[in-house]
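In C-alpha cells below, several structures.
Next come two complexes built around chain A: one with chain B, the other with chain C.
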Partner chain A sequence: MNRYATVGYAFIAPSVVLIALTLMYPMLEGLNISLFEMGIDFQRRFVGLDNYREVLTNPAFWSTVWRTLYFSLVSGVASLALGLGLALLLDMQGLWFRAFWRVLFIVPWTISHVAAGLSWKWIFDSLYGVANDTLMRVGLIAEPIVWLGTRDWAMFAVIVANVWRSYPFVMLLLLAALQTIPRDQYESAAVDGSSPWQRFVYVTLPHLRFAIFVATAMDFIFNVRQFDLIYVMTRGGPRDSTEMMSTLVNRQAFEFFDYGVAAATSMAMLVMLVVATLAYRRLMRSASEVL
Partner chain B sequence: MTPPLARRLRRLVLNLVVMPALALALLFPIIWMVVVSFQTEAETYATPLVWWPSQIDLRNYVRMWEALDFQTYFINTAIVAGATTILAILVSAPAGYALTRYRFRGAEAYGTFLLATQMFPRVVLIVPYFVLMRSLGLVNTYPALILIYVSFAAPFCVWMLRGHFLAIPTDLDEAALVDGCGPFAAFWRVVLPLTMPGVVATAMFAFLVGWNEFLFALVLTTDQKMSVITLGLASLIGEYRTQWNELMAATVVSSIPAIALYAVLERFLVAGLTAGATKG
Partner chain C sequence: MGLLMAAAVPAQAEPVTVQFVDWKLNDSQAILNFYSSVAAEFEAANPDIRIELVPVQWEQRVQKFTTEVQAGLPRDAIRLSKDDLVSLHPLLEPLGPLLVEAGITGLVEAMPQSIVRDSLTFDGELYGLVHNVSADGLMYNKRMFEEAGLDPDKPPRTWEEFRAYAERLNKPPQQYAYGMFGAKSASSARRWLRVFWDAGCEFIARDFTRATFLDKPECIAAFTREINFATVDKFTPPGAASADFEFVITAFAQRRVAMHAGGSNNAAIADSRNPGILGELALAPMPETGAALVNGDVMAIPKGAKHPVEAMRWLAFLNSKDMQVRSALVLNATPARADAIADERIQADPMLAFSPPPEALFAGYSTPKWPEVQEVLFDMVQAALLEEQTPEEALRDGAKRIDAILAD
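Up next, the complex of A and B:
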C-alpha cells in the first residue's frame, strides 16, 4: 500500500516540479522583487513596503482598478447574455445540424486574441473601417466616429471585441449544463400549462445555477487578466482610457523599467482577484439559499 | 399546446433564417478579415468602402510570407508550439494517470490545485519570470517560451487526460502488473496506447496554447529573428504605415491552424471543460 502511494507521487512528480518552477517560484520571487527598487540595471535596493505605498496612494492606480472592474463586469454581463441566448438556441428541439452550428459559433474563441484584436481594430478604423461605413450608409451617423481615439468609444470598442472573443466559452459551459436537463421535466411542465418563460425560470435556470456561477467566475477572471486584445487595439489609450491592470503592469515594467513597482502592482492585483472570487462565491451561495 | 403548423413554421424560421443570420453576424470579423486579405491596396484604402474585392488577389499572402518574413515567425511558432505539445503530454499524462489509479494523500487536492492554477493572473508572473530568464541568459530563446507555455498547458491537459484514463478499465493495468510489468510499463505500454485519441486531442490543445500566446512572447523576445506569429502581427501595427490588407492575410494564415484544430477538438474540450462545471 505504501509502495502504491510512492508510485503515485512519482507519477505526479514531473508536473509538481514544473508548477513549482514556473508558478510557485516566480510568484515568491515576484513578492520578493516587490520589496526592492529595481531599475533597468537590475540592481536591487531594499525599500521595504515603499513600492506598495507608492502604488496604493497613486490615484491613477485606483482609477485603473475601477476601469478594469468596469471592463470585466460589462464584458461579463454581455458574454453571459449572448452565451446563454446562443446556448438556449443550440439546445432547441427541432434544430438541424446542431453540431455544425456549435462548431461555427465557437470559432471566435479559437483564434488568438491578437488576431481578434487586429480584426476589430480594422473594423473600428475611423477612416477605412467597416463600422463607420455601415453606420453612415444606413444613416445612423453623419460623421465618422473616431472609435479607438475617443475615450468612451475606445472602451466600448474593446468591450465589443472582448465579448466577441469570450462568449463561446460561456456558451459551451452553459450548453453542456443545458443538455443534462431531462427533457421530461420540460414536457411535464408544458402539460401543466406553463408558458415558455415560466419553464425557463422554473425548470431551466435552477439547473443552470452552478454552471452560470462557474462560467461567469471564470469569464470574469479571464477579463481581468485580459492583456493581448487591449495591447493590440489601443495600448491602453487614448491617454489612460482603456488602461487595465495588466497593461499597467507591463508598462511599469517594460516601458518605465520600474520592476519593483510593477511587481507590487501585480501582487495587489492578485490579492484583489482572490478577494473578488471569494466574495463572488459567497454571494452565489447566499443567493442559492434564497432561491 | 402549439398547433403543429405554427410549430413547423417556427422550426423553419429557426433553421433557415435565425441560425444562418446569427452565424453570419457572429463570424463577420473573420469573414471581413478574409475579404480584406484579398483586396488590393487601392481597395483597402478606398472611401466609401469596397465591400467585395474585384478579384481574388493572392499577392498579399505572398508578400507577407516573403517580404514581411512571416516565414520565420511561422517556423519559430511551430518549434515553440511543437515542443510545448510534446513536453506538456510527457508531464501531464503520468499525472492524469496517477489521479485515476493511485490513492495517495493530497491527490484530490492536487487535482483541484491544478485547476486553480488555470485561473492565475499570468501578468503577475511576467516581471519575476523575465528577471529569472534574464539571469539565466534565456531571453530570446525557445526554452524560455516553451517552459512557461508547458506550465500554462499542462494543468488542463492533466484534466483532459484524466477523463480518458477513467474510461479505460483498471483490470487492464492490474493484469499487466500481475504479469510482471512495472507500474511505469503498465502505464506507458498498456494504458497510454489505448487512450491515443484522447492524447491526440490533448496534444492539439497544448499546441494551440503555444500557437496563440502573446504576452510572454512580447516580454521575452527582443530579437526579431526569434519572433513568433502573434508578436509579428502585433509589431506590424506599430509601424509607420500599416498595410492592412497584408496584415489581414497574415492574420488569416495564423488563424487557420487554430480554427481547424479547435473544430476537431471541440468535442473533447467540452468534456474536459465541463468536468467541474456541470456537477452541481
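Up next, the complex of A and C:
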C-alpha cells in the first residue's frame, strides 16, 4: 500500500468506524435476534429460521408487504410529480419572489413526522377537519367524508400526508440538478425550432436522469420505512387498511414483545429494500440506454 | 498530617439520586410543579435521597422502559398503567423484599385488594403499588339533556332507557347522542370489554385457555346492540372505527356528543378543551349493571435499579394517604386507597368520589398473551363497525383467532 493510500484510509477510518457502530452493529444484532425466540424477559432461545418461516407463511405479512409497496410507490410517484413540477417552477427564468417560494415549498420537510401526522389527523377529522369544510364550501362534496375511518379514504389520507412531507426532498435534489444544465443547450434547441415539451424531454430529462434515480430511490426507502406519520394518524387502521411493515414491526416488538419475529420481519423488509433498489437501478440504466 | 485529619472526620455521604420516570409530568405545568414540590418535601424529610423527575411521553413509556432495562441502564422508579404490568412485570423488581428492607408496613394492605391480587401480583410476587384508580361510568352533559327535554338528574338506567334518551339527543350532523371508541387503543379495549361484562359474559376464560364470548347468546346480543348504535341507529359521529380518545373527548367537550363511557378524569380533560364546561357534566354508572374495568396508575421499580430501597421509600411516600389525596386533586383521578377516597377533600368532588357498584368492577385479564388477544378484539369491533362483517360473524371469526392465540 502506498503512502497516499494509507493517508486516505486514515482519513476515512473515523467515518467507517462510526458507520460500523451506528449502522452495521444494529443490523447484525437484528439478524442475530431474528434467529432466536426472545420475549419481554430478553431470554434467548435459538430457533434457527423458525421466525422467518412464521413470518413468511403468514398471509397477513404478505398483504402488509403489498400494502407497503402500494403506499410507497403511489407516494413516490406523487412526490416525484409534485417535486419535479415545483423544481421546474423554481428554475424558471424571471420567477418573482424566488427566495420566498423556495422557502415556502421546503417548509413541510422541516416539520417533524409526528407534528405533521397530528396536523393532518386534524385536517382529516370528520367532524372538525379543514378538508371536509373546504370541500363542502366549494361544493365538491355534500356530506362530510370519513377520511380516517374507512379503508380507502384512510389510505388516501396517509398518502396525501406523506407526499406533503416528502416532496421537498425530491424537489431540492431535482432543483440542484436542473441548475447544472447548461443554458446554451436550451438556446440551441430553441433555435432548432423545438417546442417546450421537446426541450423538456430531450434536454431536461436526460440531465435529470441520475438525480431522479437518487431522489426516487431514497424517497422509496423513506416511504417503506415511514412509521411516525402513519402511527399518529391511523395506527395502521381501520382494521389493517393502513398497516405497513414498519407499524407491523412496531406492533410485534413493542406491543406483543415478540422480538425475534419482529427482527425477522425487519430483515425481510431490508432484503426487499435492497432488491427493489437494485431492480430500480437496472430499470433506470435500461431507460437511459433507450433515451 | 492533613491527610490523617481528613481520614479521622467521617465523610458526609453523598445523597443517593432516585430517578423517577413519569409520563404525567408531561401532561401539564401544574402537575410538574406539584410533583416538584412533593419531591422537595420528600428530600427535606429524607436528606440522604435526591429525587430526579424524568418526564416521558405516554406513547414512548413502554419502549423507553424496555430499552433502558435491556441496555442495563434502568431508572429507579416508574409510573406505569395497571394494564402495562401484565406484559412488563418480568422487567420489574418484586416489591415484597424491598418493602421489608425499607421497613415499610401497612402500605399494601391499604390498597384495593382485588387490584393487588388480580393485577399486581404474578406468581405470588407483588410488582406494583396502585396510585389512583378509574372506572368508567356514563359521562353526560346535563345541559344537552335539558335542551332535549330530559331530566339531567335521571340518567338512563337500562339499555331501553338509553336508546330512548339517545333518540332524543341525536340531532345529526350537529349533535350526536353517543361517543363510541372504535380506534385501536387501550382505552377502547376496556370500553368494549365492559359491553361483554355488562351482559354477564367473560371475554376469555379466567384460566386463559379460550374465548368465551360465544358461550351465551346474551354476549352476542350485547355486542350487536353496541355496534348497532353506530351502524344502524347512527347515534355516534360517522367514522366510529377510527374514533379515539382525542376525537370523542373533543366532540364531547364541544357539545357535539352528549354521552360517552368515561372516567372521572375525563371531565377535567373536557374542561381543558372547552373551559367552563365542567359544570355541565355529570357521571353515573353505565346502564344495567354499571360494569367497568378498574384501571389506574401503578408505581413500580425496574429490575436492576441502582437504588431500589431508596426508590421504595419514595414510592411509599407518594402512596401515603395524604399524598394520594393531594395528587388525586391535581391529577383529577380517584385515589386508590380506601382511606384516601373517604377523605373529605375527595368526597367534596362528586367526580373524584364516583365509583361503580363494587360487584360490577372487573380487573381485566392478566395473561401475557393479552396484547395479541386485544388486537383481535379491535379487529372484531372494526370489522363490524365498517360493516365488513355482521357483529356475529366478527365474533365467530374472532373467537377462532383468539382460541388459536391462547392455545399456542
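Rule of thumb we're sticking to: the second predicted complex is superposed on the first by the 273 of 291 C-alpha atoms of A that agree within 3 Å, B and C clash if a C-alpha of one lies under 4 Å from a C-alpha of the other, contacts with A are read in each partner's own complex, and residues count from 1 in each chain.
Operating definition for what follows: a contact is a pair of C-beta atoms (placed from the backbone, for glycine too) under 8 Å apart; a residue touches a chain by one contact, two chains touch by 3 or more.
From a predicted model like this one, the values you see are computed outputs, not experimental measurements.
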Combined model on chain A: chain C and chain B, fit or clash: clash
Touched partner set for A:P238, first chain B, second chain C, both or neither: second
First (chain B), second (chain C), both or neither touched by A:F254: both
Contacts of A:P108 with chain B and chain C, given as first, second, both or neither: first
Which partner, chain B or chain C, touches more chain A residues: B
Which superposed partner A:F42 touches (first chain B, second chain C, both, neither): both
Which of chain B and chain C A:Y128 touches, first, second, both or neither: both
Chain B versus chain C as contact partner of A:G149, first or second or both or neither: second
Contacts of A:A60 with chain B and chain C, given as first, second, both or neither: neither
Which of chain B and chain C A:L95 touches, first, second, both or neither: first
Superposition clash, chain B versus chain C, among 6-14, 168-176, 186-194 or 222-230: 222-230
Overlap of the chain B and chain C footprints on chain A, listed as residue numbers: 42, 125, 127-128, 254
Residue ranges of chain B in contact with chain A within the complex: 1, 7, 11, 14-15, 18-19, 22-23, 26-27, 29-30, 32-33, 36, 44-49, 90-92, 94-95, 97-99, 101-105, 107, 110, 114, 117, 119-132, 134, 147-148, 150-151, 154-155, 158, 183, 187, 208, 211-215, 218-219, 229-230, 233-234, 237, 244, 247-248, 251, 254-255, 258-259, 261-263, 266, 269-270, 273-274, 276-280
Touching residues on chain C, where the partner in the complex is chain A: 62-63, 66, 70, 87-88, 90-91, 173, 182-185, 237-243, 247, 250-251, 254, 256, 368, 371-372, 375, 378-379, 382-383, 385-386, 388
Interface residues, chain A side, partner chain B - complex: 4-5, 7-9, 11-12, 14-16, 18-19, 21-23, 25-27, 29-30, 32-33, 38, 42, 86, 89, 92, 94-96, 101-116, 118-123, 125, 127-128, 130, 133, 136-137, 164, 169, 172-173, 175-177, 180, 190, 207, 209-211, 214-215, 218, 221, 224-225, 227-228, 231-232, 245-246, 249-250, 253-254, 259, 262-263, 266-267, 269-270, 273, 277
Contacting residues of chain A [partner chain C, same complex]: 39-42, 125-128, 143-144, 146-151, 154, 234-240, 251, 254-257
